[in-house]
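Next come two complexes built around chain A: one with chain B, the other with chain C.
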Partner chain A sequence: MRKITKIIILFIFLFVIGIFYISLTRDTNYNTSSLVNKDTPEFKIISFDDENYFTRDDIKKNNYTLINFWASWCAPCRVEHPILMKLSKTKNLVILGINFKDKEPQAKTFLSELGNPYDLLAKDKNGKHSVKFGIYGIPESILINKELMIIQKFVGPLSVDDYNNIIKIIK
Partner chain B sequence: MKLNLLLILFIFFSKFSFAAEKTVDPNLIHKNLRCLVCQGQSISDSNSDFAQTIKLVVKDLIDEGKTEDEIYEFMSDKYGDWIVFKPQFNIQNSLLWILPYIALIFGGFFIFSFLKKRH
Partner chain C sequence: MLSNLGNILLFLNVILSLSIIYTANRNLKISGGVNKNIFQLSLIQSTSIIVCFFVLIAAFIVSDFSLITVYQNSHSLKPLFYKIAGTWGNHEGSLLLWAIILSIFSFLFLVHNKNHPKKFRLFTLIIQNILILGFLFFILFNSNPFSKISPIPLEGLGLNPILQDPALAIHPPLLYIGFVGASIYFSAAIASLITNYSEKSFSLSIKNWVLISWCFQTLGILVGSIWAYYELGWGGFWFWDPVENASLLPWFAMTALFHSLIVFEKRNLFYFWVIILCLITFILSVTGTFLVRSGILNSVHTFASDPSRGVYILIFLSLMIFGSIFLLFQKYKKENYDLNRNSKETFILVNNWFMMFYLITVLLGTIYPIFTDAITDNKISVGPPFYNAIIFPVVVIFLLFMALGPSAKWIKNKFENIRIYFYILAGAIGLNLAIIFFFKSYSLLSNFIIISALFLIISSLMDIAKALKRNKLDFARIISHTSFGFLVLFIGLNDIFSLEKDYNIKLGETKKFENYSIQLQNLDLKNYKNYQAVIGKLEIKNINSNQTNILNPEIRIYNKPKTLTYEAAIKTSLIKDYYLTMSNIDRSDYYNIKFQKKPLMAWIWISVIMIVVGGSIRLFNNAKNN
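What follows is the complex of A and B.
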């Protein structure tokens, strides 16, 4: 009986230590692991000029597509813009820009000032489409392959490392 | 007369069950969804941009006829289990759900044995 009691106490002790260890080392920040290697969700998003809609069929034609959520009011979007401009010159990659909760005149000024890296340009006026892609703040970018699988998701502004990473993938 | 009574009862209960099926409380869902850009706040407590968007999407999903569990599943699918305060039961977190019961059984057994020994 004494032995069983000791084993139970040891088990409880190890359990409590284990729970503390897991809780303290666990990354509670949002991560993108739940979306990577998943299929691109169904979407039908209106183009920036209100003339047509973009769907999954539009990105099926491309070898790789980078969906970039941006807005003129978002300061980090300005930071990543030169990277997007560089990416726009690469082959094999189509960039779909989704203007997020923005005002049209400001968005147009943003693009005329910094350049337009987008092959396709859409808008998400109320942000509902962003939820389909698991977006919680902008800028965020999603790299999709021809099979419409999400290869990578970039939270925050694209860095030089991200640029190199994308180039390596799409080569 | 009996037929009429049966008919009234049928209409009453079918209406009642229909209403019960349709009621999905958005506030309850907002309370069980975590605001990912806030410090320990639920979607219900937060006025952030993210919370506003999630509220719109929850409303749309309810209008589409999705159940409460389907909405949690949709959100977990997009943002991971972290977005739901009360996670769904699955293989990854099964231990979390089962362990309290195991601890209760072991604890009960331990107390029972201890008291038996004392007597």
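What follows is the complex of A and C.
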């Protein structure tokens, strides 16, 4: 076998193993709570009705924004829904819903039958944008302040405690 | 007590492995046959590791919560069956299962290959025992299922309810026999390189092991899919989840391997290619284990993730990879393949190219997110659209080759009756048009897939007719290939003709769509040993045929750990499945139901089973001929 082939093969394997090792040592990897106290990532996400895009500018306008990732197929999303409905009635908070890997008719049925708590509604059909926010499973919610800093991250359905917590923060 | 016994047995196994390596090494230098002591040591090794596993099972059965593994994965109220299945439903226990399969395969390989050179057999044994030692150290020092906890808890945390399922109880053992079984031909390949055993007969020593591991791997993947279909409630059976991919990667390599072995055995070609495939099959198995167990990939199987395990498996993996590469570089000699473009060898080589293409596609899709994350800090997600876009169009060409290949002759082939293939193609297109005409559905790619699948099926059936005339019927191949054609056909038809509806429904309410109506007739609350269930009674009525079916989806509330699960109700028939899941909507009288009609599901499972039947027939034939 030619030397150059050997070197390339060795290099590829070294590279793969090196990457595996780096990934291992990054313990913050999927622990998305590391996003807390960080800046909101740049994003541009299409609205549910396909008419416009939402970006960080839409968050800057509000005192507090709660980004909630949901889908009609997600059973725990139904569990947290009443809490979102309650939160939607509070002042000082804008809720941006991101419909995650969902089918539009089903998402509409979901909202029309359970109520729509979202001030802004966007969709992420392939789950590509949500990854920026460290979203791998839903429901998840992120609370952001006017300075675009992520204050808190809620993994799993919002509970009554989470509700009280949010109310305390946005007072 | 059980903890001590387990640990003693683990240490005993370490000593046994070392003794086997030592004795085998000494035996290498002496002329004569393989030392009898080695057989005995190997037998004791297999027995003692099995006993060790039974000790762990016993700990699960008696709910001995002094063991951390039992405490974390069991509960005294769990049914006996799931207490036992819990033994391998966790990281530590499953590693013990790894060690068992490594040891048993090691022993059986030694016993069953008496006609092969002594040196080759002894080296295979030595390499296999080095692998066994690696795993034993991993178990003892990092993932010991017999570690104690103090003070002893009164109750266990319970097994994740989603894993409490008969299909999942048998899924891991099947899959492990598949990809851990690949270890034996990894060892044999290394031994063959070391001892320069590159004759055709080398293929005889490993081909049955490749077939065994392939059959079990296929079954393991099938059972996993069936579980996902029944349990996860999405109505799909394959999600391109990283862990599913991890099981598919060695499968591609195995499939390529046993096809190449046919050429190697017949024509003494492709020796190094066969060796490379042997090596990468097991390397991919260990890579899969690394990806799943280290937690660097997120998936439905993240029951076992811990970076410290990752480091250990990564070291083990690196040693395997660089050891193999080093040896291969030393021994590699350029082989000249003087292949006729139209011959069976070429067709089999083409099969291998396709397998490698699939392998690389799936491998890239699986590890690419890790790479971008590590290098650019950019998190991306590779999902079904990627795989569907790349894999399925290529399947069309693959199936055409698969139809032509088997009837080609060795060395040089003439297509005697090329016209007949045009007739078959025309027939396939005609049938496809009939399907579109009668069922009114259209999608370009699915049509191509259906045409090529039909082409393969018809050609295989014609082969039977031809072979019967000549009295040379290769049942194994025909069954596997035809079933693969059917598998693709059924997946294609299933994809086109599936129907999905989603409603919020109240007790007594009826929803109508197309020619169906669904009524939520009743809700029932039942208490079971380890969970409570809300059971819905829904009537599905086909308005045209007036046929009614009652389906009972469940919402289960498990106590330990406290979890809600949604059990799909599935009515299976040979033509179609009705698939219904139900979930509650908090503080409302409504229930959300998702109804799916999925045609030909049963046939998808049957096709895969038939593919394995083909493999098993080949295995039995080989055994008979030996």
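Assume the second predicted complex is superposed on the first by the 139 of 171 C-alpha atoms of A that agree within 3 Å, B and C clash if a C-alpha of one lies under 4 Å from a C-alpha of the other, contacts with A are read in each partner's own complex, and residues count from 1 in each chain.
As a convention for this text, contacts are C-beta pairs under 8 Å (C-beta built on N, C-alpha and C of every residue); 3 or more make two chains touch, one makes a residue touch a chain.
Because the structure is a prediction, the values reported are computed rather than measured.
Novice: For A:Arg78, is the partner it touches chain B (first), chain C (second), both, or none of the two (neither)?
Specialist: A:Arg78: touches chain C, not chain B.
Novice: Who does A:Lys128 touch here: chain B (first), chain C (second), both, or neither?
Specialist: both
Novice: Who does A:Tyr53 touch here: chain B (first), chain C (second), both, or neither?
Specialist: Neither partner.
Novice: Between chain B (first) and chain C (second), which, if any, makes contact with A:Ser23: first, second, both or neither?
Specialist: A:Ser23 contacts chain C only, not chain B.
Novice: Let me test your reading of the model: by the given contact rule, A:Glu113 touches which partner, first (chain B), second (chain C), both or neither?
Specialist: A:Glu113: touches chain C, not chain B.
Novice: Going by the contact rule stated at the top, is it chain B or chain C that touches a larger number of residues on chain A?
Specialist: More residues of chain A are touched by C.
Novice: Across the two complexes, find the residues of chain A that touch chain B and also touch chain C.
Specialist: The answer is residues 1, 30, 126-128, 131-132, 134, 136 of chain A.
Novice: Could you pull out which chain A residues touch chain C in their complex?
Specialist: On the chain A side, the touching residues are 1, 6, 9-10, 13, 16-17, 19-27, 29-30, 72-73, 75-76, 78-79, 81-82, 105-106, 109-110, 113-114, 126-128, 131-132, 134, 136.
Novice: If you look only at chain B, which of its residues touch chain A in the complex?
Specialist: Listed in rising order, the residues of chain B that touch chain A are 36-37, 49-50, 52-54, 56-57, 60, 76-80, 82, 99, 103, 106, 110, 113-114, 117.
Novice: Residues of chain A touching chain B in their complex?
Specialist: 1, 4-5, 8, 11-12, 15, 28, 30-31, 33-35, 101, 126-128, 130-134, 136-137
Novice: Show me the residue ranges of chain C that touch chain A in the complex, using the header's touch definition.
Specialist: It comes out as residues 234, 290, 294-296, 298, 307, 310-311, 314, 317-318, 321-322, 325, 329, 332, 334, 367, 370-371, 373-375, 379-381, 383, 385, 502-504, 564, 566, 583-588, 590, 592, 594.
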